[in-house]
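Down below are the structures I want you to see.
The following pair of complexes shares a single chain, chain A, combined with chain B in the former and chain C in the latter.
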Partner chain A sequence: MRVLSCSDADMYEQCSVSPFAIGFSTVASPPRRKDSIKVMHPPTSNTTTFNWAFFWLCSLLLSSLVWFITVQISNKDSSSQQKGLLIFGVVLSVLLQETFRFGYYKLLKKANEGLLMLSSEETMPISIQQLAYVSGLGFGFMSGAFSVVNILADSVGPGTIGIHGDSQHYFLSSAFMTMAIILLHMFWGVVFFDACEKQLWWSLAVVVSSHLLVSCLTFQNPQYVGSLVPTYIIMFLMGLWAFVCAGGSLRNLKFCLTCKDKDFLLAHHRPR
Partner chain B sequence: MKDNCICVLMVCCVCNTPLHGLDFFVFLCFSDVNSNSVAQKIYVEVNNTVPCVRLLNATHQIGCQSSISGDTGVIHVLESEADLEWPLTKGPNPPYMILLESHLFTRSIMMKIKKESSRIAGVTVVVPNTSPSEFSPHTTCPNENTGVYSDTYGPHLAHCNTTVWNPLGNGLSYEEFDFPVFSLKEDKQCYYDHNRVVNGSAPQYPLCAMQLFSHMFAVTDTATCMRRNDVINFSINPEMVCDPLGDFNVWGSIRPYNRSQLGHRDNESVVMAAARLDSRAFFWDVSTGAEGSISGFVTLLAAAHALRDVTQVAPPTHNILFAFFQGEAFDYIGSSRMVYDMQNGKFVIDLDNVHSLLEIGQVKRLVDNFQSSATGANFSLVEPGVSQPLPPSSLQRFLRAQNIPGIVLADHRAAFNNKYYESYYDNADNLNLRYPPNMTAEEQLEFLTDTAMALTEVATVVARALYKQAGGDGTQVDNIKADSKTVTQMLFGFLVQANNSWFQALIPPELKDMLSDPPDFYVGVASSSPAKAKPLTRLVQFLLANLTGTATNLTQDQCQKPDDLPDESVQMYSYLWVQGTVPHNGTEKGPFCVRASVRLSQALSPAFDLGEYASRNYSTWTESRWKFIKARIFLVASRDLEMLTLGVGVAVLFSSLLVTYFISTKADVLFSSAREPASAAY
Partner chain C sequence: MNTSDSEEDSYNERTALVASEIPFVPSYQDQAQPTDMEPKRRHPVAPEQPVEPPILDRSAVEREPVIQDDEEELTLKYGAKHVIMLFVPVTLCMVVVVATIKSVSFYTEKNGQQLIYTPFTEDTDTVGERLLNSVLNTIIMISVIVFMTIFLVVLYKYRCYKFIHGWLILSSLMLLFWFSFMYLGEVFKTYNVAMDYPTVAMIIWNFGAVGMICIHWKGPLQLQQAYLIVISALMALVFIKYLPEWSAWVILGAISIYDLVAVLSPKGPLRMLVETAQERNEPIFPALIYSSAMIWMVGMANPARNADRASQDTDEEGYQGESDALARDRAEPETQVSPGMNRSYSTEEELDEEDRGVKLGLGDFIFYSVLVGKAAATGGDWNTTLACFVAILIGLCLTLLLLAIFKKALPALPISITFGLVFYFSTDNLVRPFMDNLAAHQFYI
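Up next is the complex of A and B:
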């Protein structure tokens, strides 16, 4: 499971891989009683990621279908109408994605309860935060892939954007935007699932509205500063929120950074 | 430009709108919706490009070549020869793509560029509107190795030792360039916006660049590429690398010959009249050859037309055979083939049957002499002394095989009068073909130009000479007159607009789309069947058939299968179903069947049939194959920006690796406050 965050695409197809999930297999191993369940984890997490990617694709397909139909029946010559349709399409897509996310949450909960009944464990084989993280990751991966592969394909070649007067920083900006969106999806996933667990509907509303905000910010392009800077601010805020939802705190962070984590673990009789 | 297509699941294409709603993409499978694909933002395709292609012969390769993935260079518009310093030595952003105005397309500039070709990606020449005062990219001594003069026969006359035929020739067509050279209709807006050199300082990035694709498959010489053709044919995907040049000769005669009887005919003595059809230029497929070849074969066609009636009424003693040779610009492909066929009994007559040969060469200046005289009376024909060699002509190939009496009719005593021999500029203007302003195409077709009237005079003289040479009745000579209307229509069709009503009337209905403008006279690669001959060749075939043949009453079915009828024979004549003219009262076109003794004979150099690809006796010209030829313009970014972007990417990669490692190893601690309630809840 890898998240592709590609910056630079002029002549080199360099994708900086930020493998937040390379360490996932170590993260996803809380205390076990039976070895068989330990073996089960990587497939579950893998499956979850790709299942979620598929769900995201379905939501995209549905929203594209709606947009496509509306474009066909609309007046193709009127540019204001087309722009309006685009905005409508964006909003619809965002709402559909969040709906699918919620639907998937429900599905996962049911699946996990079933899994729990089958096994003789008392605790869930995989915690809901981990599920949220993996779901967000799959979502982000798919979204990132769709964002960037097209642009990458055309960036292979000797030319760069600009002959018609567009900004030269198109590739760089789209790469950074993609990275932000992928991370955002991850954070949204964590916060969303957490909010659903704890029935905090206002958190849900904030997630959906921030998603809408970020998508609509891209209408600022080609003023890339106008779209990138707010997006990154929102990303950092969401990141902090997700960190807190996942169980982090300033205290824990201080322990880690000052290398007192071992002492912390020993004190709480917790094996690493 | 290629679409941005990702095929995911069952969906065909994704077209990216420019960052509008990165979350949101449209699945489209066709391009009629306005999709701003990224490629369209980057590249501007250049249309109507004319490349210079690679040709090979027994010893050399000539022409131009690009690398397999195209050659990219920063555009530099050359203002003068001194300006060459910038791209060749001083400029800081090599490689350069030099853009030349046509008056700067000279040998000295091209040779300088060729020497420093490591810094040059290619050359583009702007298509000119007016002709320079003189320009000939051909050699000074055309076809010097395949004529009749050689080191063993008339060595003082060989290799232009006595007369240099084309003194204005700069030989560019026969040079080898390892960079692409294109001819484009270029606008220099991109250059002026981005690449101007101001006060000697380098222009800033991003710079305007052009990429040219014209990768040629064949290398070294004909023997190598034909050998590779043979090898490749054994592989799973046979792909040829080169093709021999050639086409078909058109020939016709006053009295028909049975085409199944080949070789020597007893007691047959034929007067031949010959002209060449083709010409060439530096760039591929854009040659016209108005003075070089059109003036000659139009005159011969008019002479053949003039002889039609009188030879019915008072047939001459000898037969007259009209031959139009293709491929003469490339070491006499057509005439050497006909001579070879005659020598080997593969033609309806052989060399012993040839009584004499009259060839019509470049006859434009005979026109000039005519125009200077007011009444339009006869002009004078002068024979130069025996110390003067024959100019490059098909007659030389006949003389190489056998001593045959012959004449070449030309407007130059020594060197050519043609200032644009075998170049793009040998066009209608060179023949002084002028029409009054504000005329429609149909009116121009019918208008009698001075050039046409003069060429008519020449045609009349030629026809009378042929008739007398063939032993015709002396009293009938004055009745032979060429038709100036036919001549002017032919000149209009070949030089101005081929798709006109008169040409359309002469060709079959299924070929009516064959007439494309502008007409081009490059011989091209040989094809195996006469149905695939070049449009020009077929047009001359139908012209000759209509001008020398007779219209019959046969229906279309009978025209396809005339052997069913008692009087008709496909062995003696060819039967062509043509569209016919529109009568002046505007009723339907009347197609009819023309019966003429006009045939096509293959014009492929004997070297290819014999397998002698390194032959010194025959033409060995081949044309390389290529995959695609195109040009596009775009901006290029500076190397520094590219390296910076790469560096940023790598830095993000490593920092994210570090952060992930950090988080994953400390995960238990970092997320500990959530674990206790989580493990208790489930």
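Up next is the complex of A and C:
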């Protein structure tokens, strides 16, 4: 089922699709956020982002493999069965993503400790909080890209949204959902790492279950009210939680916004 | 067709042996002393002979001994920094290729023309025949490459530097003028831009002339890098157009195996090339290599400038030698841009890490772009392209990590191409139906 139909390249239709494309892409990519965490410039963080993206990709690959196998052995004509298998695929994918996040976290911890032992410095080149942020970014970037890039490409047109009776808000809702997912991945990353560091297993469980919850909420699409609104609520809550985990507080926030954070300013002072 | 000529030239490229014009620098020896006495220096210093860190290069590269850096963390830090320095150009090249493939339909049209190196057609009746033909094509292509590599080694051994140099110039001429003219023509056709010949002539003339100068002589570093990226992209586009479907994939696989063998095995042509260069204490291959930085000899007199046209970072740079008769050629010596950095000079010690660059052979650029371009061309799915892109970059990352650990010439293709191929086929066949289904129902994972 496609919400677009490749109708004739009518100028009018093109006009109606292209504004969506533009507004859409601006919504879907979240602005770079700088929390109170200082984001590390060094190459280490950038390469790590790609590594995380790669691990997300691996988890997706594995879950697609399992889904594919189950589909092959199932009854292809029964649409309810196919839908059921898809739901199973989604749940499996979410669980695998979290497993890979945990796995790579363990790997990086070991690597960091090893590096620390070898080097003469006392502190790690990259703090665990920065790692958490970068991990969330990597996962979010890849997840968002995979969700949205095909839709973006299609939105260039020509076509009409929902010409066969599907929802008119396909692009917009996809854009908002993608943005929410990307931000959520970042928050989940921060909370996840914090939970792992402090051995707070219930926190971990909450992260995993909120991820599952958000994915399961999307089963209600195209009733977007049921999926988008709770997702955004969860996103704000997770955002607050991540902020607190990362060491933020009202005081920090005030200093940051009014440019009075002396430590930050000193650290980033650039002589003219 | 012209392509075959350029292929010829391409093969003979590897001769970025412009080194013939670089006088041997005795000053290295003399100056080696001060540096040796400063072991504490963070930057490894050049030893008695010009050292080259493992070369991340498809072309036969100088595998000059790398100075051992004691400090692991520095190595790893360098590694990380080098990774970024290479990510950007590789990404740019891939972006150019993918953008062209997606917009200019010329490069995805198959009109039956093929390179003479892949004579067997893929329009066969059975799958088995098609597979057989693609394997045969690959065998022919790889043998041509091997032959050219050996030819290059022989030329280098017998010091036919002028011949090599001339060949290099010819092939870059072909690429900068003819291929870019074709490319421009196709872009104009795609966007239906009205254009007259005199304007095109002027554009192409300027583009080509500046390119030749930048690449073979002197020019701003960034301009040179841009030209190298552009010619890699052009070459990759040619391959994507003229290599038949299955042959392209098999060739990609075969070339990474060849790369592995040529660089690592004791009798590999690339290894021999590098060893010969080492024996002669000459830097080889200033050309055909993309360099991300150059070192300026601060306040040095002329001898220093002539000393090393190849801006070879004699220390950490990752050099991974790989001779690939193909594309490498085009890489003109970037060295022209800067006098080589001769670590043995103490003035160089003041240079920061930022000045250390890293080098990657143009052949690597080309094959990475061919893989991603083919992923973009076959099927309209952007997920596959994205997956291949990430896989290749991660492969590059891993390769550089290995380089930092082993500190010797390593081939840059195998890991990246393997990852790329695995991800291409698995994403295309497994992930795509899954994601399509999810998108249709608007489920999010």
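General observations
Convention: the second predicted complex is superposed on the first by the 216 of 272 C-alpha atoms of A that agree within 3 Å, B and C clash if a C-alpha of one lies under 4 Å from a C-alpha of the other, contacts with A are read in each partner's own complex, and residues count from 1 in each chain.
Note that a residue touches a chain if its C-beta (ideal position, glycine included) is under 8 Å from a C-beta of that chain, and two chains touch if they have at least 3 such contacts.
Not measured: the values here are computed from a predicted model.
When the shared chain is aligned, chain B and chain C each come close enough to touch A:F68. More residues of chain A are touched by B (comparison of chain B with chain C). With both structures placed on the common chain, the touch criterion links A:L118 to chain C but leaves chain B unconnected. Shared-chain residue A:L60: touches chain B and chain C both.
When both complexes are overlaid on chain A, the residue A:I163 reaches chain B alone and has no touch with chain C. With both structures placed on the common chain, the touch criterion links A:V90 to chain B and to chain C. Once chain A of one complex is fitted onto chain A of the other, the partner contacts of A:F50 are limited to chain C, with no touch recorded for chain B. Applying the stated touch rule to the two superposed structures, the overlap between the chain B and chain C interfaces on chain A comprises residues 57, 60-61, 63-65, 67-68, 71, 86, 89-90, 93-94, 97, 143, 146-147, 149-151, 153, 170, 173-174, 177-178, 181, 215, 218-219, 221-222. The residues of chain A lying in touch with chain B in their complex are 5-8, 10-12, 14-24, 26-27, 30, 57, 60-61, 63-65, 67-68, 71, 76, 86, 89-90, 93-94, 97, 116, 122-124, 127-129, 143, 146-147, 149-151, 153-155, 157-164, 166, 168, 170-175, 177-179, 181, 211, 215-216, 218-219, 221-222, 227, 245-249, 252-253, 255-256, 261, 264-265, 268, 270, 272.
Chain C contributes residues 71-73, 76-77, 80-81, 83-84, 87, 380-383, 386-387, 390-391, 393-394, 397, 423, 426-427, 429-431, 433-435, 437-445 to its touches with chain A in the complex. If you check the complex, the residues on chain A that touch chain C are 1-2, 42-44, 46-47, 50-51, 53-54, 57, 60-61, 63-65, 67-68, 71, 83, 86-87, 89-90, 93-94, 97, 115, 118-121, 125, 142-143, 145-147, 149-151, 153, 170, 173-174, 177-178, 181, 214-215, 218-219, 221-222. Those residues of chain B lying in contact with chain A across their complex are 4, 6, 8-9, 11, 14, 16-28, 33-34, 37-39, 41-44, 72, 190, 206, 208-209, 211, 632-637, 641-642, 645-646, 648-653, 656-657, 659-675, 678-679, 682.
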